[in-house]
Structures are given as structure tokens and as C-alpha cells.
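Pasting the structures in now, so scroll down.
You will see chain A twice below: alongside chain B first, and alongside chain C after that.
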Partner chain A sequence: MGEDLPRVGVFICHCGKNIAETVNVKEVVEYSLSLVGVVHSEDNLYSCSSEGLSKLKEAIAEHGLNRVVVASCTPRTHEHLFQHACKEAGLNPYLFEMANIRDQCSWVHLHRPEDATKKAKDLVHMAVAKARLLEPQEEPEIEIRPETLVIGGGISGMTAAISLSNQGFRVYLVEKEDELGGMLLRLDRLFPTNIKSEDLLGPRVKAAESDQNIVVHKGSRIRSVSGFIGNFEVEVEKMRGGAETLKVGTIIVATGAESYDPVDLYGFGDDSRIVTQLQFEELLSGDGLEESRTVVMIQCVGSRNSDRPYCSRVCCSEAMKNAAKMRETYPKSEVYILYRDLQTYGTSYTPLEWEAKKSLVKLVKYDAKRPPEVTPGDEAIRVRVYSPLLDEDMELEADLVVLSTPLIPREDARELSQMLKVPLNSDGFFMEAHVKLRPLDFATDGIYVCGTAHSPKEIGESVAQALGAASRAAMPMARGKIRTAAIVSVVDEDRCSGCGTCVEVCPYNAIQKDEAGIARVTAAVCKGCGVCGASCPERAITMQHFTNEQLEAQALAALGRVDG
Partner chain B sequence: MVFEPRIVGFLCNWCSYAGADLAGVSRIQYPPNLRIIRVMCSGRIDPSVVLGVLAGGADGVMITGCHIGDCHYIDGNLYARRKFGLLRRLVVRAGLDPERVMLEWVSASEGQRFADLVTGFTERIRRLGPVAGDEETKMNLRAAKAAAEEYRLRALVGKEEKLVESGNVYGEEVTQEEFDRIMVEAIEAEYTRNRIRLMLTREPLSVKELAYRIGEEPRKVLGHVASLRQRGWVDMLELRGGTPIYRAMEAP
Partner chain C sequence: MSSVVVIGGGISGIQASLDLADRGIKVYLVESSTSIGGTMAKLDKTFPTLDCSICILGPKMVEVDLSPNIELLTYSEVTNVEGSAGNFRVTVHRKPRFVNESCNGCGACAERCPVEVPNEYDEGLRNRKAIYIPFPQAIPLRYTIDREACVGCRRCVEACTGQGNDAIDFDMTAEDVELNVSAIIVATGIDGYLPVELGEYGYAQFPNVLTALEFERLICASGPTGGRLEKPFDGKPAHKIVFVQCVGSRSQRLGVPYCSSVCCMYATKESILVKEHDPDSEVTIFYVDLKVFGQGFQDFVDRARDHWGVEYIRGRPGEVREHPITGDLTVWYEDTDTGIVSKKEADLVVLCSAMIPRPGNKRLAEILGVELDEYGFFKVKDPVSNPVETGILGIYVCGCCHGPKDIPESVAEASATAAIAAEVIEGATKEGQ
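So, the complex of A and B:
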């Protein structure tokens, strides 16, 4: 390492009693001083406290530390904090390493203090071994184009587009159909307030279409996406021919969901008297239900089963709303809702259930193991249902059977996910980066999600998500520049033979071959997984901050091998 | 003295490492033999690194990643699975029980599952006993590691997922069986050649002696020696009674 001989400082945290009650911290401090390269070691009651952090910064200056190891909790929550402290003390944050002696040591060996202390020493040894090999990294800075592509012109997409336009950004709004509006075009009234769908939709469509900052592409779809945050290039194709390339800084996915057609379930498709809840809503807004005296709704048709294990979230409230409307419009009608569990959740939707009950809608629980039997007859449809509460079968004569089916992912969701290089979850909906901490972002920077493309949800939730996604997209665009992580792969040009394996395995299209056939990594796109490096036949790719040498040094330290 | 296995674990940052943290937060207890190394993705685990760790004295190595379909990097774990296939075969070729390496999926919410896996794996390695520390075993592991660094095996395993799942550039499908056959042959050749090279670093030998020691046909050994000579790894030292004696060279 030449002039830059490693001078490692080690900081062992007690975490109050969390570590110190099990691990003999003083012993670990003593041990760490015996390791090659370690010039300073101390223990802190809480390394992450402001006192702990200032001691760390002071030690960097006092002992001329050029590597720092903190042995405490998990890097998943605290690495950033300590890296920041290093940076403040003038040390490149990538010269920092953590040893997890709490979550993965003291807490899981509570009754074995000796073993835990030995393990803590090994973990510190491993971190020091890696730290000695760490190199400073610079985070690449990239420019962000202040324009957004919103895919999907339903309520979510329009809301996001209008919000971004109001914040001063140019928006391209791409809708597959010839009309903006999405699923709401098919709904009549919206729970919980029963406003007309068109009253909500109309002003939004008008706002989006008349906005100078919003370019609406109707009857269009995405053909290809390349680039990365700040500089995406998107090819938009008109269904009736013609294509255009858009350059945008961020992308919002608001493609929505579709309603499941329950083919082969409860005789759907064979009898016009058996309809989906969505079709029923359309009937209800007309006046064709005079003859339907008895309506039987069946919930969870095609959902919460092995194919579609999820609850579609909106169907219970939707059924309550339509049932109450039916009773109100046709006071002589009888309405039954056969349900598995009622999910009229939260403060806004629970009242829907009371409304329905008040208007004498009859709720009958059924058992998923013994679902209702639907037998169409000439006069009426016979519905036989076993009630587990009464422990007996009920026979109903229905004029109309309404099936509540789930929202399902759009057919083209997979294709779009592959173009954008963002994941779908096991149900086929777009999956966020983190369910709690980053619910509107994809793991890929600069791409965000909202509305039912993400999961079944009602309109208020979709709108809230859309406003959130618009804010998330606005953040890098408002700043104009961002720094991306420095944990990226680097190609050794002399060793690269241009075989293209890395280009194939990279999940983010971050690697391309240049004119000379040599692999080139676009640092801003690379997310640092390292699959390219582990796959490179010529071993020409180094995964920065997680090099093979660093991993091997950690392992050898773990095995008690004297090294360095 | 009771045998305490030395186990190294490579955990992906996003799911498994978080799962291990959760085991801690939940105070789920497991044996203290495991030493965890954090990596960004299980697909980053190069079989050569694991073989190096085994050669370095580990009794077992566990690799854990996100569940299939849940990979933070979309499909890194699919590549992890392919690489693990190569790793297992090389572990067997080096004479070790393939049960000494394990690849499993642990999500961020599966603290209990993580602890159970560590407990089970520790018991398994305890049963298998320590990896023999003799020179022969070490050399075999080094040969396996060198084989995992060879272009041919890396190119094959790098392309396996796409070849088997979506066919080659000519659109021809390659069945898993066909692929495995090619792979097994390639492993055999690369491993044997590297073993020959390492044997020659210890002492100069003739083709006949090499063939006898590794239990291989002299004709095949000659082929390997010829290819090693071509690449500058091996050189003829002398003629002993008309028989060429070969020695290993410094890495070119």
C-alpha cells in the first residue's frame, strides 16, 4: 500500500448493556490492538451517540487514522451514520467498515458469554482485515433532466402528472387507450361518499389535457426504455403507427390493474344473469334492473386462493356500496352478500357496512372449503350456501348473481417491468424497493410507482400514492444533480476479451460494449450487485468495496489465519 | 475435545443479512460457529472464493440470498444457483462431501428460518467432522479453485441461465441434461489439468508418473501436459532415460 500504510482505528460499542452484558468488551479492545494495522482501539457506551461520534472524529485526527472500524450493531441501520462522521473528519467514507457484534453476536448468544466474546473478536478481526484493503471511492455525480414520463393515464397517473406540472416540471403522460381516465371510466359512483365517478374524473382530465406543461400521448404505448436516472430515453409508439423518442429524468409507473374475468367460476360466461361486480355497477347506473328482485353477491371469487392468495382490498366496500344502492333504487329488491371475511377496513369504509346493514342488505358468511353452489334454472338461479354460523345450508332463489372478483395485474405488466428493469412481486404487481422505508420507489433510481399497478387499492389511496410518487420524482429533478453510490463494478480493459457475459447477466443494462468490443460500465446505472464480476470468464471485473481479495481476507481472518 | 466446526457464511445484504439481524432482534439463539460476511447479492459469490475459503480451513460454507422472485437485483439469485451448481461439483471433485456447502434463501422477515438453517448446518458439519488438513486435500482444493478461475468453466456457468432458459444465439434450445454433460466434461478436464500443474509445482514428474498418481490414462494426461506447455504453465525439465520430465513454471 506504499505511503498509505493502513492506520486502523477500532471502536467497540457497549450498546448500553446490549453488547456489554454478553461480550467482554475490554477483552475485545485488548485483542484488537494486537491486530496488524490497528493503531488505536477504544470502547464506547454508545458509539452512535453524539459523544461517541465526536470521540471517533477526534481519534481520526489525533491518531492519524486512515481506516475506521466500528464494532456495534448492523450496517443496515448505522453504516451511513458512521460513514458521515468519517467524512466530517476528512476521511473518505468508503474507508469505513462495521463489525456486527450485536444483532449477529451478543443477541443470538445471550447465554454463552465466552463464545460470544470469541466470536466478537473474530468479527472485529474480519472487519479490520477488510478495512486494511479498503480504498477510497468517489460517488459519481450526474445531471437530472427536469422532465418526467408518467406511464398510465388513469386517476393515479393524471394526479401525478398534474402535481409535477404544478411543481414546474414538464410531463409526458402516456395512455394506452384513446381516452384518459382508466378504470374510473367504468365506475358509476365511488365509495365512500358516493360521488359520481365522472365528477371526480372530468375536471382532472380537463386539467391534464389543457396543461401547457403536460404532453398527453393517447393511444400510445412504451416500446423501449434505456438510460438511467436523469437521462432516460423512452421510445413511445402510437398504436396507429409512428413513434417518438422522449428524453426524461424520471419515470412514474401508474399503469393500473384490470378486473379479473371469472371464467368457469360459478357459471360465469354461460348465463347472462351471472355478472361481475363491475358489470353490475354498469347495470345499476342504467335502468335495466327492474326485473331483478333478488340479487346474490359472492365475494372473493378468484382471490384468496392458491392462484391469487391476496385480498383485493376494494371488493367488500364496492359490494357494500352497490348493495345499498340497489336497495335504495329498488326498495322491493332483496340483496344478499355471501362473504368469507368482511374487509371494510378503516375509518372511512366501516360505515359502508353499517349503511348496507341499515338498508337491510343480508350478509351471509360462507366457508371457503364449502363455497356456494350456483345452479341456473329457467325461472331463477338457485344458490345454495352453507352457513358455518348456523351450521346449515341456505337456499336462495336469485334473479341475478354478482361475482366480486379481484383486481389483477395488467397483462403487459411483465413486459413493462422487463423494459424498466424493475421487479414484480409474486402476485404480478409492481414491487417497491422497501415496503415500509421506500414504498413509492423502485430499487432502480429514478423510477417510482403508484396506484393499482402496485397493488389493489381504492381511489383515495391511489391519489395519495400518486402525490407521493410525484414528490419523490421531483426531489432529484429539483436538485438538478445527484450523487450515486460508489459501490460499482470496474472493468480491467486489458483483461476484457469482449465475450459479453457481463452484458447478459447485468440486471440493469449497466454494461455495454464499446466500439472496440470492450465492456464499459455506466457507474450511474450500476447498483453494485457484483454478478458481473463473479461471472466474468476473464476475471476482468472488480466489484469495488466488495472485492474478491477483501472477501477472502475476511474469511481467512474468520478462520484465525494470520494474514497481512 | 469436541469438534467445533468453523463455518463461513456469505449473506446478501438485502434479504438474508436482514433476516440474520432479525434473528438477533428477536433474540433467537443459534450456535456460535458461523462467521458472517456481507455481500450485496448472492449472485456475487464466485465459486473460486468459496473454494479458497475451504482451502483456507473452513469446515463448511453457507450462502444465503433472497428467495427466487424476490431478489433485490431482480435475478441475481438465479445466477447464484447456477454458480452453486458448479461449486458443488468442484467440491465433490476435490474429494469433499458436497454437503459442506449450502445455498438457501432467507427473506428479511425470516429470522427464525435463518436461525434454524444455521443450527441445522452447524449440526451437519459437526457430523461430517473437520476437513482433512493434509497436503493432498489442500492441493485438491487449490486445483478446484484454479479450475473455477478458468475461462471455460466461467463462460459456461455465466451463460447457463440464458442458454438453458432461452436457447442459444441461433435460437436452439439446450436442455439441462445436454448442458450438464458438457459441464461435467469441462469440469473434469479443467480440474485434472490444474491438479497436474499443482503436482508439478511440488516435484518434476513424467507423464507416466502423473498418470499413475492421479489414476488417469497416460494419453489424457499427455493432452493436459501439452496444453499446459502451450500456455507456458509447464516446461520440460530434462530427459530421464529418454522419458521427458516436466516441471511447473511461474505463472506467465
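So, the complex of A and C:
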């Protein structure tokens, strides 16, 4: 470091009372001033407030700080804010280090303030030890190709594709079936407005297929994906033979969901009078239900149980819609909906419940612990259900039993998730970067999700998500280039023996061997996970911003070793 | 002209602004109160992940502040709109803050100010001064003088000059700003119904009966009691908490007929927070139908019930009574799963009341020339095919201003409006070529 002797500034955040009520902040400030290299220390009510950030910037100028440590919350949400402030004050953002004295200290040691204060000191000590050894880094810049791959040609995929085209980007729309439209091809009328499915679908299929900026690949599937944001290479395979490689800047996953087949549940499969809600909707749009005087619908068939804990969101509204239609088309029919909790919600979908009640559909709550029993007979199907409200068993003679089954992840979701290196959640749906604030992004840059590929949702909600995903994908493409984090691995060519271990272990395909057999890291693809560095037998790989030297200093500080 | 006006600085308006600004589109973000943040800034945690709300919102608010493409117009209202998509002329009325831009948020003025009034941010459970910022993370971090409360003693001026600054300006006047934009995004959010007319629950009569938003402030570590659950009646600790769902919603009598979408889950969240504070506390949620229709919601309820021991009872309580001396409450109810009529003692009763349209919607809809629905929410062109478009090209809606919804839905919709606004701009650019 030579002339650049570390001048570390330490900022301890109260986080209102989140930290300060447990940790003695003033004591930590005093302590930090005793650490080697620390020339300034202060505490802030909220270091992340605009007041806190101005103070940080002022201190950098006033005390000539060349390293900054903030001890506050989690870098996951706040690191970039502080880095940005450093940058504004003329300091390279990689000369910043964070200690998490809230999530890892005050919150978990709420009832032990003295120990928490001691631990906060240790965490600050560790951060300062590392900060002293930090080096400035330059972030690699990546060009973003202004083209998008949309996987899935249902309503979500088409909506995203059309919006991106209207925003001036080229789109490849890949659909595995021979026809665009997805799940909506199987639906008749769409709630809550009761429009014909084909009236929504028709214009959108036409718009997608006639758009000069959209290249539609029907009967095709994704075979492989490589590359990274801005420069993905995707192999698309025609079901009937032939393949093509597409180069795109961003990818949107809009592969939808499937309807669960309730095999072995309530006698489904053994009796043609026991159908799913989707099959019932198809029956309802034709004729031939005249004979079905009594229809009994059962909700939550295969969902909200231990196998599939989630509620499928759309089934109650769908059942209400079909029940009301049945009553309207066949006024002499009787329709029962056996439900656990009605999931009609908001101003758009609650009215379906009133419509159903108005058309004299009978709603019977059942207890999940005592589910209905379905016994097919020659004349009718006997449905016995215990009503907790009446505290009695009800016997129904049904001509048709309709099972409301959940939307479930597509069979090929796992394979696609592995190709894209994006996660699925415990239910098997694609998992977004952050449940609350990044519902359409994956943690991997440049890949986005919308519609029922993410979780069961209404059509309007899928359309809104599709437009939203189009915005997210357009952002880096409109900018044309982006910078990625400099936390990447670097290979020391002199030490590399070319064994190829790092190439094998890298989960992001970021390392290749060059002509000379030496490992080469593509910085834009590297996520800085460090697996290569840990596996390298020659210790030839260094993680920038997490060097062995820096981590060692941090570990020694944790063990209370004296500063060297 | 590639710029957009976003009306409303809650999470929806913030997200729409950030999406647009990031890709180089100029955004005017108009917020009626003194800081952006909206309802989300008032929440303690968010469901079902229990993320600290301001901790995940705060960085986004600061991003808005830092973005060179976003011009923030707080304490401001849209008063007139003319023109059409691609070329709207929008008039924004900027109310005087009586504190100019040299304010650095030091707070010396508020320390000296002798006037205290209830702080809207804390749902009135704590006071602020007549010169104030609503909460420490406010953006912009600039004080405002509430002239209705101010007594004109000018101690704030002394305090400010004492700090070597001269930020307070009692002569500041309102001004109107004209903006020329391609598209308008409406993100004005939603209100909670104050169940005063539902006398049987005792809201506004019994101090220990709270709305959910009041409770949210009460349990928040940065709230009026520092997160200690105290009974407003006497300040003693509260151990028995009862939540009542569907207060004024799903009602054909008083209130509104629709389901407010988020209450079952935020009540579940709040009951987990109570249990985390004090595992020995007794928590009961009275519900009609348990709405678990979102990702991870059923798991969340299972965790509350099975791990934390939160009791869920199906039924809408008939009456809440108060002990005249202790202030403690008794909730009378019928368990509709068993038909048994019973009562439950409670230290606090939290009313999860309906989410209702903001009263300002009517005027704003008139100014914009768009329609409201039968309840008073902004009406979308078609909830299935065009879920964020209004009847007028170039004007879009996102978040709760067109019906109750949760944060991720609002955020997704906000991005959706950003996409369509960008389409309008791209279309206008193409035509211009």
C-alpha cells in the first residue's frame, strides 16, 4: 500500500432503536477509535438516511478517509447505498466494508445487551481489519444486445413480447406447442368480465405473429443456454428437427403452469361423471349437461395439503363463475360448492361470490380434517360432507362431481431452471429475486419471470406481470451497457497448472481453458462465489475483494489476535 | 418530449419512477405529503418474509433522491391536465413548506419548537412539532412548517440561524409549475376505513381498540413506544391480543362489500410479531374465510398456528365491551365452526378494517378525465386484458389506487405502467422521425 496508509472512518448506526436499544453504540464508537488505522468514528441515528449519507461524505472529505466501514444492517439491501455515497465523495466504492451489527447482533441477542455490545465490537474489529487491506476495483462494463428471448407463447409471453416490440426491441418468442395461446386455449369465458377467451387471445396472437420485430418459433423448445446478461446464446430446437442459435441480451420466462390431474382422488379416472373444473368448463361451453341436474364441486382437491401446501388462488373464482353459468344455462340444475375458505378477493373477484350466491349456488364449508366422501352409484354419485356449521353430515346425490384442482409447475420447469441457472421454490415454481420488491427479476441478472410460471394467478395479474417483466428486461437494453460487480476471481497465470478443476466446479460456466491450457475467467459471467478459489490446488486463484489476506485478517480479528 | 409524471410517492409510484429513470426517461414524481414512502413506510414488517418494511423501502427512497432523472415534487398536487398521450400539459401546485432548500435536516428547529400536534405518520399515537419531518428516513430530508399548528413564535428561525443556516422562510408562497409530459401514471394508494360507525367494536370509544395500522406503529421498534406493546388506556403491557377480520369489508350493511385482500395475511404477520415479542402472549384471529391465495401464504398461516400457537377462530365478533375501570376488553363472538357463543378477554383488540378509496380520487379523476369504479377506485379499461390502462390513452394506474392488493402485486403493476409509458414515448419518437 506504500504511501496510501489506511485512514479508516467508522460509522455506527443506531437504526432508530433497532440496534441502539441493545448495543451500547457510544461504547462501540469509542472502541473503534482504538483500532489501528481508524482516524474517525461517529454514530448516526440512521446511517442510511440522506442526513447520514451526507455526514459520511463530509467525513470522507474532512478527515481524508481512504477506507470506510459502516456498522449497521445487511449489505443485501444497503451496501450499494453506502458505496454510492463513497463514490460521490471521490472514493472507490470497493474501499467500503460493512459490519452487520443488527441482523447478526442486536436482533438475535435482544436480551443480552452486554454480550451484544461485545460482539458488535468484534464485528467492527473484523470489518476494520479487512478494510485496511481493501484495494480499489474497476467494474467490468458489458454491452447489452437489444434483443429478448421470451420462453412461452401463452398470454403472458405474448403480452411481454408485444410490449417489448412496441418499446423498440427485437423479440424471439419460443412456444413448444404448434399454436400460440397456452392455457387460455382451453378456457371458454374469462372472469370477472365474462369475455370469450378467444376474444382476448385472437387479437394478441395476430399482433404477435404479424409483428416485424417478433420472430415466433412454434413447436420449439430451448435446448441450452449459455452466456450472461447482454450476451446470452440460446439453442432452440424444433420438435420436428433442426436447431438454431439465438443471441439475445435478456430472457423472460413465461412458461405458465399446468392443471393438476387428481388421479386417485375422489374416484377421478374411474368414472366419467367425475371431472376436473377445467373439463367441466369445456363441457359447459358445449351442450350435453341437460341430464346433469345436480352438480357438486369440491374445492382444494390436491392443494392446501401436506403435499402441495399452497392455495391455487384462481379455483374459487373459477368455480363461482362456472357454477353461476351452470345455473343460468340450466335453471333447473342444482349446484353445490364444497369449500374450505372462499378465496375470492379484491374489487374484481369478490363480486363472483355474490353472483354465485345470487344465482342460488349453494356454498357448503367443509372441514379439511373431514373431507367429503364420494361414492359412485349406478343412478347417481353419493357425496357425503360434514358441515361444521350445521354440525351434521349432508348427503348429496350428484349427477356430476367437479374437482377444483390446483395449477402446478410445468413438468419441464426443473430442466429449464437448470439451463438458466435460476432457482425454483419449494412448490416447484420459478422463484423471484425478492418476494416483496423484486417480484419479476431473478437473482441472475438479465433473466425475468412473469405469469403462472411464478405462481398461480389470474389472467389480468399475469398480463400486468408480463408488461412489468417487459419493463425490467427493457431497462438494461435501453441503456445499452451496464457495469457488473468487480467481485470476481482472477487467475495467476504463473501458478496455474492447467488442471481444470476450477473449470469443472464453476457453477456459472465462467471459466474456460485458453490455447495454452491456462484457466481464463470471463469476468462478466463470474458471480464471485469463490468455489474455484477454494478448489484450486495451486492456490492460483484470487477472489477480488475477498483475498486470502483480507479474510485472514478478518479471521484473526475475530479471534482477538492483536493487529499486525 | 420523453418524460412522465408519476402521481403518488408510495412503493408503486417509487417503482414506476425508478424503472423509467433507469432507462433514461425523465420522471416528475408528485407527492402530496412532505415525504415519499406512502403506506409501506408506516409498516413494521412485511408478510410472509417478515422483512423490516422501512429497511427494504428506505434504499429505494434514497435511490429516488439520488437519481438524476427523477425530479421530486413533494408537498404538491396535480391541479390541471390538458392535451393527450405524447403531449400532456400538467399543472402542479406546490404548497409552501416555509423551509427552503438549504435545510440540511439537522432538526435544531424542531427541538426548539414549542407546539406539539399528533404525527400522521404514527397514526396520531405520537406527537410531532409544528415544524417537522414525518420520520427520520424522510425523502427529501427537509423540514416543513405546519402553518395551521404554528403559533409564529419564530424560535425555529433562531435555532436555524444558530446553526449558521438560514433555511426558514415565512414569506414563502405557493407556486404552480407547468410540466410537459408524454404519459401520466397514477399511483395514489389507498386508505384504511376508520370503523367509527361500527359502534359494536368500540373504536374511538375504547382506547385499547386500535386499527391495524395503529397497531403496526405500536409494535414497530421505531414507533411511539419503541416497540413495547402497551395498552393505550394505562400504558401497562398487553398480553392478550385479539384481531378481528373483515371490519367494514365483505359487508352489505356498513362499509364495503368487497374483500380487502391483504388483511388475513397482515393480521397473521402481526400476530407472529406479538409472539416474537412475547411468546407467552395469547393471540386470537377472528376470520370469516382465511385468504391464503398468495405465494407462501398457507405456509405462513401454518407457521403462525402450529409453531407460534396463534388461535384462529371462524366468526365475526358481535360486540366488544370495555371494563370501565381497567379498560380491559371482552369480545363476544359466535364460533361458526361449532355454533358456540362465547367471550374472550383482551388487552388489545385490533380491527382489520376495510381498505377504501382515497377521498381525493374523485377530484383527481375529474382533472385527468378518467373514470372511477362503483366504489371510488380508479377504473381500468379491462381487468383481464388491460389491467393497468385507463379509458384514456397515455394515463395508467398501478398499485392500490385501483383496488386493494399486496406489495409485490403493486410493484409488478408499477413496472407494467413503466413499460406502457415507454411504449407511448417510443411510439411518439417513431412518429416524430
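To be clear about the criterion, the second predicted complex is superposed on the first by the 487 of 564 C-alpha atoms of A that agree within 3 Å, B and C clash if a C-alpha of one lies under 4 Å from a C-alpha of the other, contacts with A are read in each partner's own complex, and residues count from 1 in each chain.
Going forward, contacts are C-beta pairs under 8 Å (C-beta built on N, C-alpha and C of every residue); 3 or more make two chains touch, one makes a residue touch a chain.
Nothing here was measured: the structure is a model prediction, and the numbers come from that model.
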{"item": "Partner chain(s) touched by A:Glu538 [first = chain B, second = chain C, both, neither]", "value": "first"}
{"item": "First (chain B), second (chain C), both or neither touched by A:Lys421", "value": "first"}
{"item": "Touched partner set for A:Met158, first chain B, second chain C, both or neither", "value": "neither"}
{"item": "Touched partner set for A:Ile482, first chain B, second chain C, both or neither", "value": "neither"}
{"item": "First (chain B), second (chain C), both or neither touched by A:Ala474", "value": "second"}
{"item": "Most chain A residues touched (candidates chain B, chain C)", "value": "C"}
{"item": "Partner chain(s) touched by A:Asn548 [first = chain B, second = chain C, both, neither]", "value": "first"}
{"item": "Residues of chain A that lie at the interface with chain B and also at the interface with chain C", "value": "74, 425"}
{"item": "Touch list for chain C against partner chain A, complex", "value": "11, 15, 19, 22-24, 46, 48-49, 51-52, 55-60, 62-63, 65-66, 104-106, 136-141, 221-222, 226-227, 250, 257-261, 289-299, 302, 336-339, 373, 375, 377, 382-388, 403-405, 407-409, 411-420, 422-423, 426-427, 430"}
{"item": "Touching residues on chain B, where the partner in the complex is chain A", "value": "6, 8, 10, 13, 17-18, 20-21, 23-25, 27-30, 32, 35-41, 43-46, 48-49, 52-53, 56-58, 69-76, 79, 83, 115, 149, 151-152, 154-155, 157-159, 161-162"}
{"item": "Residues of chain A touching chain B in the complex", "value": "74-76, 100, 102-105, 107-112, 115-116, 118-119, 122-123, 126, 421-423, 425-426, 443, 487, 499, 501, 504-505, 507-508, 527-531, 533-539, 543, 546, 548, 551-552, 554-556, 558-561"}
{"item": "Complex contacts: residues of chain A adjacent to chain C", "value": "16-18, 21, 45-46, 48-51, 53-54, 73-74, 77-78, 80-81, 84, 163, 166-168, 190-193, 195, 200, 304, 309-313, 341-348, 350-351, 354, 367, 388-389, 391, 425, 427, 429, 434-440, 450, 454-455, 458-461, 463-472, 474-475, 478-479"}
